[in-house]
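Take a look at this one; I'll ask things after.
Chains: A, B, C, D, E and F, in written order; residue numbering restarts at 1 for each.
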Amino acid sequence: MAARADIAIAGVPCDMSLGMRGAAQGPHSIRSGGAFLHYSPMTYRHQHVDLDPFEVLNVVDYGDAPVDPLSTDNSVPMIRSFVREIVESGSIPLLVGGDHSIAWPNIAAMSDVYGPGKVGVVHFDAHADASDNFFGHLSSHGSPIRRLIQDEHIPGSNFVQVGLRGFYPDQATHNWMQDQGMKTHFMAEIERYGFEKVMDTAVDQALAAGAEHLYISLDIDVLDPAYAPGTGTPEPAGLTPRELFPMLRRLSHEVGIVGAELVEVNPLVDPGYTTALVANRCLIEIITGVAMRKSGIVGRHYLDPVKAGDQWHIERP
Amino acid sequence: MAARADIAIAGVPCDMSLGMRGAAQGPHSIRSGGAFLHYSPMTYRHQHVDLDPFEVLNVVDYGDAPVDPLSTDNSVPMIRSFVREIVESGSIPLLVGGDHSIAWPNIAAMSDVYGPGKVGVVHFDAHADASDNFFGHLSSHGSPIRRLIQDEHIPGSNFVQVGLRGFYPDQATHNWMQDQGMKTHFMAEIERYGFEKVMDTAVDQALAAGAEHLYISLDIDVLDPAYAPGTGTPEPAGLTPRELFPMLRRLSHEVGIVGAELVEVNPLVDPGYTTALVANRCLIEIITGVAMRKSGIVGRHYLDPVKAGDQWHIERP
Amino acid sequence: MAARADIAIAGVPCDMSLGMRGAAQGPHSIRSGGAFLHYSPMTYRHQHVDLDPFEVLNVVDYGDAPVDPLSTDNSVPMIRSFVREIVESGSIPLLVGGDHSIAWPNIAAMSDVYGPGKVGVVHFDAHADASDNFFGHLSSHGSPIRRLIQDEHIPGSNFVQVGLRGFYPDQATHNWMQDQGMKTHFMAEIERYGFEKVMDTAVDQALAAGAEHLYISLDIDVLDPAYAPGTGTPEPAGLTPRELFPMLRRLSHEVGIVGAELVEVNPLVDPGYTTALVANRCLIEIITGVAMRKSGIVGRHYLDPVKAGDQWHIERP
Amino acid sequence: MAARADIAIAGVPCDMSLGMRGAAQGPHSIRSGGAFLHYSPMTYRHQHVDLDPFEVLNVVDYGDAPVDPLSTDNSVPMIRSFVREIVESGSIPLLVGGDHSIAWPNIAAMSDVYGPGKVGVVHFDAHADASDNFFGHLSSHGSPIRRLIQDEHIPGSNFVQVGLRGFYPDQATHNWMQDQGMKTHFMAEIERYGFEKVMDTAVDQALAAGAEHLYISLDIDVLDPAYAPGTGTPEPAGLTPRELFPMLRRLSHEVGIVGAELVEVNPLVDPGYTTALVANRCLIEIITGVAMRKSGIVGRHYLDPVKAGDQWHIERP
Amino acid sequence: MAARADIAIAGVPCDMSLGMRGAAQGPHSIRSGGAFLHYSPMTYRHQHVDLDPFEVLNVVDYGDAPVDPLSTDNSVPMIRSFVREIVESGSIPLLVGGDHSIAWPNIAAMSDVYGPGKVGVVHFDAHADASDNFFGHLSSHGSPIRRLIQDEHIPGSNFVQVGLRGFYPDQATHNWMQDQGMKTHFMAEIERYGFEKVMDTAVDQALAAGAEHLYISLDIDVLDPAYAPGTGTPEPAGLTPRELFPMLRRLSHEVGIVGAELVEVNPLVDPGYTTALVANRCLIEIITGVAMRKSGIVGRHYLDPVKAGDQWHIERP
Amino acid sequence: MAARADIAIAGVPCDMSLGMRGAAQGPHSIRSGGAFLHYSPMTYRHQHVDLDPFEVLNVVDYGDAPVDPLSTDNSVPMIRSFVREIVESGSIPLLVGGDHSIAWPNIAAMSDVYGPGKVGVVHFDAHADASDNFFGHLSSHGSPIRRLIQDEHIPGSNFVQVGLRGFYPDQATHNWMQDQGMKTHFMAEIERYGFEKVMDTAVDQALAAGAEHLYISLDIDVLDPAYAPGTGTPEPAGLTPRELFPMLRRLSHEVGIVGAELVEVNPLVDPGYTTALVANRCLIEIITGVAMRKSGIVGRHYLDPVKAGDQWHIERP
């Protein structure tokens, strides 16, 4: 079945890394709370680009990955195998966490299929997630990037990080990241030069270091807590949806992706139901970008709005 | 009594269109939760323009419109007659919903008094609200614009829409809107050119097509859910209050209005009590603009702050 | 013990002025809810400036000031004496309210130690807090600025106010403020010229009028309610953390401070736990600025990000 | 498929009667929020009666009834036909509202199949729901009982009401109810004689007046708001789950039922997620009673706990 | 106007005693949140006693008492004068706090009119509220009972306290209370003998010691936090509404009252909106009892339900 | 220091078993949210028994146990050693979870010190927690009882379980429990015979089977969700605080205890802050019972209230 799908959405309900705030319940909330796929009110015609991605693509719900709910370490091979199966079927996986520990098996599976060093990752996050270990565990929400580099799945120079801020990592981790050639865009840079300019650079960097395929790793905490309070380690002064959404579309459309993950949504601290909703829309932005690419739309997507006698102002490709 | 009022605020507690999230309770929450009129702490001197609109204007609370709580269709003539009575008394109605189904009777009443085709509408919303019908009903929160155009109250070219985004409408509705000559400003345009520039255009368009009077239709979901989670169909990546407030003032001040409506506030999903508050302030911005106009203040309201020996920095007309 | 501290954080759990929304519980929530000092996950290396302020500074928790919970008037001398003790020990006090009534004793204590007229105040707030009295009481959350000027602790020209908006103060208070030579930056100015430009002026004004020492008075309601719903008198259309954080750092770093206060955080109306968090981060931004200054970093802190082979993009001094 | 089911659970997402508090979202919340059927942690072995009802019965989810979301009047025939289809297939329908307006079509469908006057109803509710009409509408959450009696589906003497309190109905409705011979057990009686004694009477009355089949109509507001805050018209001083649960089991087990409905759950005012949970358990208690009856268990279900050497204390049939 | 009222409901928005949790907002929430008077859905016919108290009584809303929001001490004479005015007009005051500090002026006003020692008080509370002072203040939410006894308004033997539990008062206060001859019914007694038996004693004690008039002082925290979380000092293991409601009715009906107060409702910590609702119903129970007495109903109100052919089961007097 | 303590309160912030709802944050919330020890308003004189336990006992806060936050399996020896250290110092440990997985190391430590088979456990819980394993892990919140019996720390006949209900365990676990001779009191028994009668039996059983020392294991979900919504697996129709509190006191007073644990409090789903409060009071009830025993109070604690001239009604030993 998945063999015929363009995109396979799957949950990875894994939340062992400190167990903070219940991200294991993310897949359910993002699917249903955000009215994604299971409840379709009328249409999914994306107003910015004048296209219904679900008419262009066959998008399926692939269910949830098997996990050991008491051990991230044990869950790693289960998830890796599950994701590899999706990728080998020819679908683009959209993996909904769960915490960020799932990036290790998710992206390792990409490497399994496309080859070591062949995948580049644009990583949106408030945190670098590159710690050596967490209480001695290799698998945790603080260390997936370290694992992927050390296992030689993804070279450090293939990581483009966006949105980092706050108080992590420490100096030693910082130095290690620099030694790996990781490309990191802190909020300080975004505040200084504007998000669009920084992202132009990031888009250029995405496949610059020799990677042939792009994967998006999106931690919802890259958004400011005003937009996404429902997450485990919120950090103020983050991105806005008006910054993030076009960028997710651009990466999927202009560069093209082979997979993506969205992690760290926790419905238990989402009092206005806004985090699951914005997470749902992040997925649709990615899907829309994939659909634009499949539809043969070319060039940068910031086209001039069409003006037909002063009547219509829409960004159409 | 209303004959002597400059502005008559009235509730229209109508929420039949899908009954989502209790917008029928909006009037109460916006009046009391936002401390509007009923509880006046000290003063209403607007700090941006150095003027207390309630000293300039006689603003009254006109109570709530009669509605059939089990039928929007039945409510239409009741609301239309109620609003017409306010307008005929010489007051500017500020109508507080309730859901957006009330736009049909509200604006039809404006047409009754000022004449078909004489009223222009600036419509702030995440959604176009121009569907043909809703489950066969003419009156619903998804179809008021269609009704007003089809009934020849307001020509399509008299509608200026601002803030549209997300996944509505579908292609057929989109085409119909374009055929009507509606002027639509999507968030894509705002993100690309900036809100102020788009609004300069919108202000110019407001009465450009032959309309002689301006009416504002404000759906609170035009704001991003971070600012207004308490609404029925929130859509991320919307406007901010710093964008919306000056625009409401400008339209009321520079162009002048004959009425306005604010709809879709639902206090049951407003955990920080911020949606009713921001809705209350939207009303005061409109009232302030009306007061500026009545006070004889002319020109664009973005005047240079007065600098009296480097001491004061305020936008005074 | 405090004699050896660079910074002494202390609570002032005073909330008598109308008793709105429980700001007396602010110190507890900001300390623990925001994981400040008492719970340190890993590190406090500030990512924007590549420096862990707690490695540079000795920061202590000085406990809470004694207050009369039934009388702000009675609390004034208790708090003033408590703060004076901290300042005389050589520490920079960071005073966590409580409501804004504590500004009177807090800043009077600064004047006691540094001399009348020697301290300048940058005051971030949605409100001017310069009323003559409140129901006949000299001490209240609406009148501390008036007290400090009338008692000749701080001349009016030493006050730089930032972020004012909404409907306070009235005309008489406004006139009095102007007569005192206070420098006030309304949101209207910020919306028109941008926050950075306004703050460049404010930084220049901070010590311009003859003051020798800078004190920061930060009311959390200067932020928009989307970012800080948990406060007593929220006012929409305020600042964002991305505007406020760098400014707190700049004042502490470029100008240097002798003390600061953060007031009006109320955990009872903070449904997503975001207000205490953003307040906690405000304190750390101030501490970071102090640490930058102590570390001998000079010049404006908006340096160009270091680019080491296109790999690192961080704002390092 | 439904022909082989013992029980068919179906949603009736109808909430037109005043649109208060979103009961249309009840089916979704009760199914998923309460982990019912869709997510089965381990087992459903009921501890009070030592039996897993899902091993005894074939329980299916029959989906949602079609409704006109803008008209309860229009929805009546759609729902009636939907329920009749379930009953004619031989299944016991468990109908999850939605508001109480669905009782009219639900129970009319029972009458269609079993014959007028053949069905008795035990109606748990804080309110009598027997008004003549609601703003002129025949169908509303305040009038279903009146409709069923006037349409001669269910004679008044076949209604046994339990848990009434508060301030409804008025004198005229009260008199009409008495004229119909309805049997009403107010909370006053329960408080005076105890719930168990009142329910013994109610169980005896259930089929006493000539009815041959029993239907349960359960409005969640029969529970005290401490247990079920998430409902449209909560009324304090209601039943507890420890009173209600055994009674639902007893009616389904000792008397036997042909159908049941659970209405007025609104997840939007359910801050601790407890209302959907207790509603879910109400359904399982009913299912358990049906399973006990099918298993051939006879007699009153308050058997003495089995004591095997002082070790086990369980109520086993 | 008040001269013709049987009952005058008035707010006393005073909350100085520690300012915990915003009880000053109680009057607004209890009036509107509980739909009391301002919004009357259909009828107020009390189902337990088959009587609409608002048909029997003229009940008016007398507005709010003047208070000094920054000083309970200053508020005492203002409130006392306000309440005396109501009582002298011949109305029974129902005073809605605010915190319990208002009991001092409220009940002192009763003494002013009826004479020292002539009023007995049944005081429902989790706490004894008999402290000598609070941080040196005579007026506070912890000391009103002490004030009333020391000022010789109400002798200690005229106080009947019900529902005390938890950890207050200390030994010295306890001894002082015993010396005054106060009659205190702890929850321990209620748990042991049942609420009804304890209340029979309390009803008998109410006017036993020579008092000629009864006043009810009701702190909402006498209820368990499951029923009333929205209060300043909740204490688990309290009364239920099914215990409290009949008792309020009995005191007002069987004994007769000259006034009552309801205090310590705080809408800011009332997430399911249940505290304001149950408080509203407490007021209606008192009003119902007054109406029963005025209607000439005599005897204990636990009459046998009327059984008219097995059809009706209601407690009618 | 702990050597001199009567009671040592310690946190065990372990929540690996499914990571549901954040019980790892229980110790912090119960200590501070419930105002326990760190914030003492006035006194802790227990009103039911007229005794301040903190005057009788030296109670210390022993900090938190070390845990591996990513592995319950790894945490077991760390916790066991930590608890053993407390017990060996002569203190009674009061261990605050964390989830119920901590019962294994907690109680194993008791066995280490007092000897295998010498400790009896009264286990209050909605669930039996006796599963063989959880996804292959020996340590989980569903299996601690099984571990303690299989490791021969505590014989099955030394377990008295109270409050079980809902749908766990399955038949096989049920049979195993019976084979072990466990004494289980389901809610069915409590509903039938009353809690007091069942607890008389349970108190008698506590040390009947040969155990010499009593330990209390309290899962907060034994309370009904109306009283304790903030927990991972709430189950309706549970105990009330008025049932549970006296029982905790009785066990600690009449039987005497060597330790206790309170688990499964999750502050993230505790919207009215009532769960942490009631959990705090549970601890104080236990401490009070220990203090009563140390004070030499003998006999059953339901003594007749002392009546000194009809004035005092308190349960004093």
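One rule holds for everything that comes next: a residue touches a chain if its C-beta (ideal position, glycine included) is under 8 Å from a C-beta of that chain, and two chains touch if they have at least 3 such contacts.
All values derive from a computational prediction rather than experimental measurement.
Colleague: Same or different for chain D and chain F, when you check if over half of the residue numbers at their contact belong to both copies?
Modeller: Both copies touch with mostly different residues.
Colleague: Can you report the angle of the rotation that maps chain A onto chain C, using C-alpha atoms only, to the nearest 5 degrees?
Modeller: Fitting chain A to chain C on C-alpha positions yields an angle of 120 degrees.
Colleague: Taking each chain's centre as the mean of its Cα atoms, which chain lies farthest from chain A?
Modeller: E
Colleague: Give, as an integer number of Å, the spacing between the C-alpha centres of chain D and chain B.
Modeller: From the centre of chain B to the centre of chain D is 43 Å.
Colleague: Just how far, in Å, is the C-alpha centre of chain F from the one of chain E?
Modeller: Result: the chain centres lie 37 Å from each other.
Colleague: Where does chain D touch two or more other chains at once, residue-wise?
Modeller: 224, 226, 269, 271-272
Colleague: Show me the residue ranges of chain C that touch chain A in the complex, using the header's touch definition.
Modeller: Going through chain C, the ones touching chain A are 41-50, 52, 224, 226-227, 240-242, 245-246, 271-274, 277-278, 281, 284, 302, 305, 308-315.
Colleague: State the interface residues of chain A toward chain F in the complex, per the touch definition above.
Modeller: Residues 15-22, 24, 68-73, 134-137, 139-140, 268-269 of chain A touch chain F in their complex.
Colleague: Which positions of chain A touch chain C when the two form their complex?
Modeller: 157, 164-171, 174, 178, 181-189, 191-192, 198, 205, 224-226, 229-230, 234-237, 269-272
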